[in-house]
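I have a structure I would like to understand better, so I am pasting it below and will then ask my questions one at a time.
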Amino acid sequence: MYEIGVVYRNIRRANSDIAARLCALGTATVHEAMGRTGLLKPYMRPIYPGAQASGTAVTVLLHPGDNWMLHVAAEQIQPGDIVVAAVTADSTDGYFGDLLATSFKARGACGLVIDAGVRDVRVLTEMAFPVWSKAISAKGTVKATLGSVNVPVVCAGALVTPGDVIVADDDGVVVVPAALAQKTLETAVAREAAESDKRAKLAAGVLGLDMYNMREPLQKAGLKYID
Amino acid sequence: MYEIGVVYRNIRRANSDIAARLCALGTATVHEAMGRTGLLKPYMRPIYPGAQASGTAVTVLLHPGDNWMLHVAAEQIQPGDIVVAAVTADSTDGYFGDLLATSFKARGACGLVIDAGVRDVRVLTEMAFPVWSKAISAKGTVKATLGSVNVPVVCAGALVTPGDVIVADDDGVVVVPAALAQKTLETAVAREAAESDKRAKLAAGVLGLDMYNMREPLQKAGLKYID
Amino acid sequence: MYEIGVVYRNIRRANSDIAARLCALGTATVHEAMGRTGLLKPYMRPIYPGAQASGTAVTVLLHPGDNWMLHVAAEQIQPGDIVVAAVTADSTDGYFGDLLATSFKARGACGLVIDAGVRDVRVLTEMAFPVWSKAISAKGTVKATLGSVNVPVVCAGALVTPGDVIVADDDGVVVVPAALAQKTLETAVAREAAESDKRAKLAAGVLGLDMYNMREPLQKAGLKYID
Amino acid sequence: MYEIGVVYRNIRRANSDIAARLCALGTATVHEAMGRTGLLKPYMRPIYPGAQASGTAVTVLLHPGDNWMLHVAAEQIQPGDIVVAAVTADSTDGYFGDLLATSFKARGACGLVIDAGVRDVRVLTEMAFPVWSKAISAKGTVKATLGSVNVPVVCAGALVTPGDVIVADDDGVVVVPAALAQKTLETAVAREAAESDKRAKLAAGVLGLDMYNMREPLQKAGLKYID
Amino acid sequence: MYEIGVVYRNIRRANSDIAARLCALGTATVHEAMGRTGLLKPYMRPIYPGAQASGTAVTVLLHPGDNWMLHVAAEQIQPGDIVVAAVTADSTDGYFGDLLATSFKARGACGLVIDAGVRDVRVLTEMAFPVWSKAISAKGTVKATLGSVNVPVVCAGALVTPGDVIVADDDGVVVVPAALAQKTLETAVAREAAESDKRAKLAAGVLGLDMYNMREPLQKAGLKYID
Amino acid sequence: MYEIGVVYRNIRRANSDIAARLCALGTATVHEAMGRTGLLKPYMRPIYPGAQASGTAVTVLLHPGDNWMLHVAAEQIQPGDIVVAAVTADSTDGYFGDLLATSFKARGACGLVIDAGVRDVRVLTEMAFPVWSKAISAKGTVKATLGSVNVPVVCAGALVTPGDVIVADDDGVVVVPAALAQKTLETAVAREAAESDKRAKLAAGVLGLDMYNMREPLQKAGLKYID
């Protein structure tokens, strides 16, 4: 399924300004604006609370227990990129630590999303380099087998194409295909605007039942109140 | 097993003062006072460290991927209630976010316990609205299918009857049936009092072996010391 | 497999100074220095971020739902020890709380590693008593069945012999057999020294591809760059 | 939550004839007839393919690692009963083997549903004594702590009241409250009758799209066909 | 990420003869011939031992708890197809049973691969209609929300494009992109031929160490024999 | 923790006759005779129902995704051995298939216990070569990294020393240290003899309550019967 042993140097990145603006809206809003698709599995968690990042995806395909291609990927990073790493089999090893983070940061990466483990999380937290992973593990890896860089990968159940927008925060990670980024931003902005007004009403004690006009459809659906 | 499509408006709530006092004692002590029963499965975790809440249960039965009934439940909330939500099948979707939290808070709810996912956790943390859940997920839900409000539900392996006392903190979530609340409080208070004294002794270097008179029963059970 | 009902009073502890110095190097470095072995399963997590500890192992073998032997173990603790507890079957109960922590601390223990659950985590955090566990649970235990103290145990997939060095931090828990402690320290120190230099280079934008001379082996392995 | 240390000798059993007839209809049909409720978690699996049983529930509440109450329960079994066992904490130990099965069978039990482990599965299979469990494990248990018999229990996420009808087969386990048994049977029989006709049509190549008149609602919902 | 609410009627199917021949070679050999890629997660298991199938993929995207699109998919099935169903969130419900199987079989489908649950497994086994799923569950679903048919889907961690070859047996499920099917077949056939010869040698007592000339590379890697 | 890159050629095997006799008694009885210790985690399952094996352990330590050392182990197999394989990190890959099974069988091995995945299970079943594993997966492995043969390993949570007796059947896998084999056999035989008599009594309707004289201890523990 995957092309192995290749590095695509030229990828078409989504507009970086859109990526930045999607970040501020948050994954929940972006995911809704995508028609409730694009979310990676919820086992992907940030290594520290409050982590937030968005960027354009540089993808990496790794073999279990081998992080060689993360070094290859570093050279392909441009400022504003976020690295998305998949492994060809389930693994919780720690493929990434403070040295690679130092290198990624120097290249301009704003974060890492990896469907595996990460280590040196105390230092990464001090560096404010955000990582979303499925595990934390001191277990190291070797550098022996070729994978690929910038091929489409399935990461935590979602297809990520190089150049896609990645938005990540406490609620998880969403992938927005480059071609849908502009439209998703518009939908998300509109949704967010509508929410501010709703928030104020709800805070004032208005019920969602009334604000969303739910009483009639609930009655039609057969809801019964019993005193 | 469940009644579907009904909302019970009048439930018999446990004494709210008892609920508040149980909160201060903590789930570990309350659970012991209950004869070591009543604890929800330990996969139920607070969304931020230090979260603490107790209250009387307003229960909600949801269908997978559908949070309609949480809006119906909002109207049934009285100050001092804590909402307990179960789903008819395993799900990690994010059924609850900052808008619903704003509404619940305006109604006087002091927290949410949900055997599913929650989102907007950064905002919920800023709001200091505590939630215990089995997952965090940006994945949204629809509003299409009837469940119920204030029927007995099984939440994370424990039976919760509307009006029961719920006590939740970093150690998990305990349900105390309304009828047992007073007695549980008394037992828990007595237990807590005994613990203060023990704590001082242990801090001074007294061994539990001596304080609890364990040496004889250990010897009888056959324990052997080898030098 | 296990000796049941015995307490070994005299164990050969690794050098405590080595244990302290390994702690500063961190589990990732120590685990690498061990030839990438000795790590407990990554489901073992600290109860608060930033937890760090190292010490010599006092081991405990528990039966499911029974923490009697932790009291027996307390008497065997010497300053600088860390307690390592295994259970004969999978369990997430809370075997350890603030009272036992008070006792362990008074005896000089610097932490606990337990392949089960722990409770009173808010108080333990305030006490700065670090625990690595696989679960947090208010569920208490009884004191009825004999296990053992200071026998070799398998804890979270790793064999721990009494007196071994345990190093634990945010990245997990590593066991270093007493006989290998000195050599592991030397290897780890050398590794750490090398890393400082690498870190500076990577921060300056040097690529790992060049710093580690990876370009030739990658080419030999057949890596292809596509523009 | 649970009453501990009690055995209710007189329980109101559902009609045994209804239980038998529900068995023939299968769990999927019965669960639909219950409005899609009453199913135990799908991790409950039969120990051999083709296992089928139904009966009236004798419930047992066990403590982790302790099967004493299964012996107490044996005396309460009447012909046509099925034993439903819950444990107060997660456990995969083998609480039940061929000796208890021999005893249960002699008392007239037609099966066991246990939210834990079972052993001697080869012999149980030869005896054709069906068990639904979440694990198979040779690990034995002690007989030391009181639980209860014939109190309501939560088993694999479902509330089971003594005397309820239990229907179990390859697809899982459903609990039908005694009060709903007659009505559930009628609904299930009607549903089954309708399915026979549908099966014949579908086998002849008629599409569900036409048989269920789905084309119009699909179009209304906005489904688009693209050539 | 996904297109929702569309049905692609014309897909480019891989050569059906190749699909059939790949089936005989088995998933392990096919997966090796693909360079060790293309395998779905190993939690995908056949509902009965000995199940074997291969075909061209008709893909379905479902919403949790809703099997409406499986009926839409039935119309798109051609003889030799195998249906591959993904769900937009984790779910173990039983989306597929004997009625749909009857319909699928009448349309010429040779199996189903579904990243969720299935029911009526006893009848499906009698029908010899093979299904690979992650769960078995009597829990039924509704027919209310649009998904899609014949869009690319991520199923159990693998990207499946409509028309791809699917090969499934006791060892799991492999997806072979249509464009790679011919080449994969050739590689797999060659591999299989080589294995027959090896099997005979190994059965005669020849060691893999000698047959594969491993002794020298093992020695070079530093392997030490200790008497 | 582990010695890497070594093969111990001379191991002290337990008496093979004892191994054979323990097999007939079954894992449940042997595990009881061991004082309820020695059982591997219950996720270790046979690849076909009715699998039974016992033998002396040849141990293998593997690296994730690499089965090289299984070939090295083949040469160390003597008739009556059973191979026990551990991996240094969690993995579900298929490290073992029909070719290695052919070789192992030719060398006299009577089975494999592997804390990872296995493939070609249909052929292995036809060959009647029993395997206990935690997964079935078509995913292949490489032959690139040294592990060890005949060093002590932790396999599925249990310490296995080369030459130990391994007993495995439908209920799981038990390890009996060579030094305890004779005594364990005697205890197990005595236990089995006692069970025959009990089985007959229970089949005749005698209750365990009476046969084991449980009524008095139950009453003392406070059990109450309610009519």
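Chains here go by letter, A, B, C, D, E and F, matching the order in which they are written, and residues are numbered from 1 within each.
Keep in mind that, in the parts below, a contact is a pair of C-beta atoms (placed from the backbone, for glycine too) under 8 Å apart; a residue touches a chain by one contact, two chains touch by 3 or more.
In this text, all values refer to a predicted model and were calculated from it rather than measured experimentally.
Common neighbours of chain A and chain D, listed by label, are B, C, E, F. The two sequence copies chain A and chain E touch through a face in which the numbers common to both exceed half of the numbers used overall.
In whole angstrom, the spacing between the mean C-alpha positions of chain B and chain E is 42. For the pair chain C and chain F, the distance between mean C-alpha positions equals 28 Å. A separation of 31 Å divides the Cα centre of chain A from that of chain C. Touching two or more other chains at once are residues 36, 90, 92, 139, 145 of chain F. Taken pair by pair, the chains that touch are A-B, A-C, A-E, A-F, B-C, B-D, B-E, C-D, C-F, D-E, D-F, E-F.
Listing the residues of chain D that touch chain E in their complex gives 26-28, 30-32, 36, 39, 42, 45, 49-50, 169-172, 174, 195, 198-199, 202-205, 207-209, 212, 214, 218, 221-227.
Interface residues of chain A facing chain E in the complex, by the touch rule stated above, are 1-2, 4, 34-38, 41, 88, 90, 152, 154, 157-159, 175, 177. Within the complex formed with chain B, the residues of chain E that make contact are 63-65, 89-93, 139, 142, 144-145.
Chain D meets chain F in the complex at residues 5-10, 48, 68, 71-72, 74-75, 92, 94, 97-100, 102-103, 105-107, 117, 119-122, 125, 135-140, 143, 145-146.
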